[in-house]
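Just below sit the structures, each encoded as structure tokens.
In what follows, subunit A forms one complex with subunit B and a second complex with subunit C.
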Partner chain A sequence: MPKYAMVIDLQRCVGCGACSIACRNENNVPDGIYWSNKITETAGTFPNVRFHYLPTLCNHCSDAPCVEGCPTKAMHKLDNGITMHDPDKCIGCRYCQYNCPYEVIYFNWQDPHKFWRNPKPVIEGGTSSPKEMAQTVNNGNGAPYSNPGRGKTLPENRPKGVVEKCTFCDHRIKVGEIPYCVEACPADARIFGDLDKPDSKVNRLLGKFKPYRLKERLGTEPNVYYIRSFNPAHYQRTKGGI
Partner chain B sequence: MEMKPNQKEGTLKDFLNDYKMSRRSFMKRASVATGGAIALGTTVKPTLRALAQASETTGSGAGEWKAATCQGCTSWCSKQVYVVDGRAVKVRGNPNSKVNGEASCPRVHLALQQVYDPDRIKTPMKRTNPKKGRNEDPKFVPISWDEALGTIADKIMELRNNNETHKYMLMRGRYSYMRDVLYDRMTKIIGSPNNISHSAICAEAEKFGPYYTEGYWGYRQYDVQRARYILLWGADPLAANRQVSYYSAVWGDAVDSATIAIAEPRLSATAAKADEWLPLKPGTDGALAVAIAHVLLTEGLWYKEFVGDFIDGENRFVSGQYVDSELFEEKHTNGIVTWWNLELKDKTPEWAAKITDLPVEQIKRVAVGYGQAAPHAISWLGGGPCMQVRGGYASMAVHALNGIVGAVDNVGGTQQSNKEYTTKFPKPDDFLDEIAKAGKKHKKIDHRGRLEFPALNKKPGGGVVTNNAADGILNADPNEIKVAIGYMNNFAFSCPQPERWERALAKIPFLVHITTNASEFSWFADILLPDTHHMFEKWGYVKAIGNGYRHVTLMQPIIEPVGDYKIDETEIPWLIAEKLAEKGFSNLLDHYKTYIDPETGKAPTNEKEFALYALKYATQNLWDPAKYKGGDKFSGWNELIKAGVWNSDPYPYRKKWSNMKTKTKKFEFYSETLKDVLEKHAEKHNTTVDHVLEVCNYLARGEMVFVPHYEEAFIAGDEKEYPFIHVDYKSRLNREGRSANCTWYHDFKDLDPGDVPWQDVAKINPRDARPLGIKNGDKVKLTSPSGSLTCTASLWEGVRPGTIAKCYGQGHWAYGRVASRVFGKVPRGGSSNDLIPAQYDRLSGSTAFYATTRIKIEKA
Partner chain C sequence: MKAIKIQLWYGLLLLGILLGLITAYRVLIGTGFVLYAKTDILVWTMPIAAYVFFSLTSSGLAFVSSIPVVFGIKRYQPIEKRTAFLEIAVLFAAFTCLLLHLGSPQKVYYYLFSPNLASPLWWLGMLYGLYLIVLLLSFRKMHKAQVSKGLGVFTLIVAIATSTALGWLFGLPDARPVFSANFLAMYFPLTGFGSALAAVLLFSLAYHHFAKVPLSGGDRNLYEDLGKLFGFVMALTLVFFLWRTIVGGTSATAVEFGGFRHMLSSGWYHLALWVGLVIPILMITMPAVRNATWGKITAAALFLVGMFAGRLEMVLSGLVMPTGPKAEGQPPFVSYWPTIWEVLVFVSALAVLLFVYTLGERNLKLSEAPE
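Then we have the complex of A and B:
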């Protein structure tokens, strides 16, 4: 059985967020919810200042506190290491959300894609209402560009009252495709693979660089690893001084 | 709709290393959380029943990737769209392209929200409120295509019957290379000189420098993978223009193999990953460039294989000293010593430090590092330094650095375009009648070529002065405009000082807008025609360069359109031509019938055939094996349309050395080419070159006019009243100002360093904000001498003190429900153009956007 992991090469990352927008698209994620996200930081003071970008997503922890705390086993581990969620079993208690130290689980406070239910056009007779557009294009099933592929292992659009999060695109993995954020990254900064295959691309990178994971000390054993630096700038060597 | 910002700025450290929290304490926290979570859970009733409904998917779910082209910016990447049952679902890079390959920048995905934007106009409409103005609701009502086209044809016929066809005007915005059907041929055959493009609000000044040094009027390719030093000037290739996808793909390697330095007053996306950030004072790029040139020469770092050397090998470029040009033997360049003597000899780093407010050591370090990397040392000219008043000379100065280090047309340097083999459409000459010929002889509405608007695109008046057309219309100078058509343009939003356009457009008695959305421009229109979306619904092609290749990438209708859209550049002119023929003027239709299908030899009989045949006609050399000239080879049309893109042969380096399209065929540090064209312009107006420069608001006189040099920026506003210099920039999610109606644009706005989701922010350095009592999130009013806007303050260290950075793209008061706060009435955020006065780099005709105005900031 494979054990899936992702390596994020921060040097290759250009901070463009194509991963996050593509994820929205692939997984029909509503506005305000970020299965794929980022932590940014502006460090220093002018003119000695830089902007740093760290892509984040569900870490698919081997020892996942979200799974541990779920009262209904809606949040569960798959044999391949993916932390999966079953909205059928979810009672919306948000226990997982509280337990996740990475803030990557989101709760659906409202019906998904509410935007597309609005019946008012901006110009009567001349433009569509969102509702009319969604109905004409896709029978009112979420957004007009809703991806039916997502519906293979989860509801295509998750309802109000349950949580949702990144699934490593389990629906794609099932048919032999890599997660969509990985495919969509223009910089190839995300590398996906099987930790159980000694010669997999992820293992090669983890053996070559000093990888680190988020909040390692919590012992959650994340399966998202980071290598290299977002800003590998050169600088003039110095011993400093007093 | 308002979303809560999802920002975690400043918490990186917490996530990387959580020393405070051990596994044990975490478990404790988990148990504490239990009570709260369960209590909360009871307040929300899960609607599990909705699951069954929500999980139903439409159709088979099996789709197909179809070739397409993205025009979200002018990278013009080749794409593929995943189409399921006639519906666009996803977008990715077209692996067949050698320019962008599989790489896709973030903004391409927003095309899905554009094509299915509910606020797209779905049918032709006419205005029923005869009063025109920003505060007048046009009261648009739907009409048939037949009625719309009939009215347009009537108005054109009226002009023709009265021998005043020159009062017809065509305004072009985003185009494909099908443009000439509508922009050129239709305008000419009707009989008007007034086809006005958007080019001068794009980046003509960015082409000015390369043209008057190396004879190339175009954007350059940058060979970043083989460069050892990349010096960027107001260019942000990881976020905006050009080849963002390609550069994003290779930048992670470039940061290893090259030193990257970027001159820009705000910390851009590219600056975030750079080795050196040179946050210079806006408008001083030219000073930095000539100081770097000074160091390159005094330190002996010029590339001798390209520039040549002193005959005896001794470097006589010593600060402050004249050099005898007889002692230097140039190879592939013209005038290095003249340039030194006229401009460079005193332009020391110390001199530049005072002007740019950069440390002397940094200027020296960058100059020497850049020179040591010669010839694999790129000086990357963006719009920043040159889309300024007097920016033409900064454009030359920045580009001339490539000449000094021999990076021009070289490995690891800058390249021109590769050859491509598309063909032009049939000539219109035989279809121009006497009315048309007479009409065409009138002068253009944008005043190009007048003494004060040289617009030197290769010849005097060769370029457009887009933004000045508003003044031409307002003053009926040289004549009034009675009938106008605009397509995929929004000058009432995209041009600085847009209230001039509001008044100008309101003055045109009959205005037609071909557009996807009812925009600010549309607000003044009499007829709206619903346009196709270029990426999914249109036949067309564009050409782009990058990665050492040129591609010609096709657009095709690949989805089921929702509305009754027609293609702007082909179908609509054909339909107008049909109506004109019905009314007794068939020349335009007769001309369009000459666009025969190269495969079948058939002439088009309707608008759909015309759109397709015109494209096949223009691209025949690419797909017809009998006409093969180079690059990718195809067996026929069907194979090309399936691949979606044709690639050129690889770039042939160093073929242009001493074979440039300049007067001297050399790279001109002393521009004989500029001298020639300026003298022609002066002669045309019976005056001297110096007088031309004076009228056009440049400082140079005499020989200095012909060499790259620093000119002090011309910035509007008194420093006391307006203490900050306005810094305009582009979002990495902008699709040329057309994506603000997409929710993803706002939900991910913080992908622009320092910006905030669902806000339009003015970024101000905390040390400037504090004394003014301005805090993060405050509503603020920015005011310049020419206008004002209201937005939100963001205190950010990545902004140079003394400047305020504000992104272009928001501030729509029309366009749609998301782009505006109240459609047709209240803008969301503010448009930078409301601050920028209508000013020009007159030599290139460009509109100035940068270092153009001072502003003040107050709490709103």
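Then we have the complex of A and C:
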């Protein structure tokens, strides 16, 4: 059985956010929810400042606290290492959100894509209403741009009252495709593969560079690894001074 | 005149329950949980704090009702039946809060069909289900010799398990060290016991007042005894409260304690400390106040108000500091003020409690004690 993991090469990542847009399109992610996200930080004191960008997603931890805490096994591990969620079993207690140290699980506080159910035209007498648009283009199913492929392993649009998060695009993996964020990355900064294949691309990178994972001290064994970091800066050799 | 007052009282409580039903409709079927001041940062807020408050009070009431039946201290028998019925009424209030917190309560049957034995939340759900059954059974069999004692012991064990499992539930995530399971497994039962003593004093003395039943000499001694015990438990709670403040609020340097440090300057924290602990402790230490009915009632009411604020402060302490990607574009600490719908969750839970209790008080002879 494969054990899937992702390596994110921070030297290649340009922080364009294409991964997040691709994820949103592929998984019909509603407003306010981010399966693919980022942590940004401005470090230093002006004028010596620097901007840092770290792409984030569900870490598909081998020892996932969200899975341990879920009372109904809605959050569960697949044999291939993916942390999967079953909205049918989810009672909406949000204990997984409380338990996740990486803050990558979101709750559907209201019906998804609510904007597209609004029967009021954007411009009275000038345009159709969002509801009409969704009805015409996508049979009223969520938003007009909804991807039906997502519906193979999860509801195409997750309902109000349950959580949702990244699934490593399990529906694409099932048909031999890589996650869509990886596919869409213009810089090839995301590398996806099987840790159980000694010669896989991910294993080669993990052996070549010194990888790190987020909050490793917690022992959750994340399966998203980061390598290298982008920093073109240089400085004159010095011992400092007092 | 009395009948009108009773009808008005029932009307008021039914209005509270109706408001709860409207809230349930609005959040579960209508607009959604955006009606609450919850976000993906503040995933648990007032409804959960209210649940913790009521469920621990119910467990604490089991400790109080076990005093005569399990530990054989007979002078507590006059309050045994009322306390046991209060446990049930308060537990209904806790379930009301939980129902209005869950995103999809209609699927709770998966607790049985897809159980996760590693989850504290699963155990807590099961234990509270069991607790309700045991409470109903033990109330039915109350004062019936051997069965009563056996059920009393079992109730006490389940109550200890529920209140300590709640500590496990909060303390599970290593990422939120501000909730220490070791600490909460002691603090929760203790404060539950304190809340229960306050509730027993409040409801028993209210019974004497409203039913116009004068306090007998034995009653007076019992309530004075309860008042002293209440004072002792409050003092112990204050000690724990202060140590929690020192360890997590001023000594700890870990980033994860930032939320608690922030909450130390919140109104909820100070309400819990001053109104909920310092003032009632001072009141109870004065014999003239402690022995007066109004003194005990005021101290008990203040303690319950402070305890509720403390539950909310505790829940928020682990959540107000956004971290990771959810901190993007957020201030270092998010603020919280309940919406009217969240307040209605508490109001409806209180209405359920008082409605069930009033029915019991009027129909089940709660002052009854064995011969």
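Please note the rule applied: the second predicted complex is superposed on the first by the 239 of 242 C-alpha atoms of A that agree within 3 Å, B and C clash if a C-alpha of one lies under 4 Å from a C-alpha of the other, contacts with A are read in each partner's own complex, and residues count from 1 in each chain.
FYI, a residue touches a chain if its C-beta (ideal position, glycine included) is under 8 Å from a C-beta of that chain, and two chains touch if they have at least 3 such contacts.
Bear in mind that the values here come from a model prediction, so they are computed numbers and not experimental data.
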item: First, second, both or neither for A:Ile91, with subunit B first and subunit C second; value: both
item: First, second, both or neither for A:Glu68, with subunit B first and subunit C second; value: both
item: First (subunit B), second (subunit C), both or neither touched by A:Asn203; value: neither
item: Subunit A: partner with more touched residues, subunit B or subunit C; value: B
item: Touching partner for A:Asp188 - first (subunit B), second (subunit C), both, neither; value: first
item: Touched partner set for A:Gly44, first subunit B, second subunit C, both or neither; value: first
item: Contacts of A:Asn80 with subunit B and subunit C, given as first, second, both or neither; value: neither
item: Partner chain in contact with A:Pro121 - subunit B first, subunit C second, else both or neither; value: first
item: Partner chain(s) touched by A:Gln135 [first = subunit B, second = subunit C, both, neither]; value: neither
item: Contacts of A:Gly15 with subunit B and subunit C, given as first, second, both or neither; value: first
item: Subunit A positions touched by subunit B in one structure and by subunit C in the second; value: 32, 34, 37-40, 56, 65, 68-69, 71, 88, 90-95, 97-99, 101-103, 107, 109, 111, 160-162, 214-215, 218-219
item: For the subunit A and subunit B complex, residues of the former touching the latter; value: 9, 11-18, 20-22, 24-26, 31-32, 34, 37-42, 44-47, 49-54, 56, 65, 68-69, 71, 87-88, 90-95, 97-99, 101-103, 107, 109, 111-112, 115, 118, 121-123, 125-130, 132-133, 136-139, 141-149, 151-152, 154-162, 183-184, 186-189, 212, 214-215, 217-219, 230-236
item: Parts of subunit B lying in touch with subunit A, wherever the complex brings them together; value: 1, 3-4, 6-13, 15-19, 21-23, 26, 30, 33-34, 36-38, 40-41, 44-48, 50-51, 54-59, 61, 84, 87-90, 92-93, 103-106, 108-110, 112-113, 116-123, 125, 140-142, 238-239, 245, 248-249, 251-252, 255-256, 259, 267, 269, 271-275, 277, 279, 365, 518, 528, 562-563, 732, 743-744, 747-748, 750-751, 753-754, 765, 767, 796-801, 816-817, 823-824
item: Residues of subunit C touching subunit A in the complex; value: 28, 31-34, 38, 40-41, 43-44, 101-105, 107-108, 110-111, 114-116, 118-122, 125, 169, 172-176, 318-319, 322-328
item: Residues of subunit A defined as touching subunit C within the complex; value: 32, 34, 37-40, 56, 65, 68-74, 88-95, 97-104, 106-111, 160-163, 214-215, 218-219
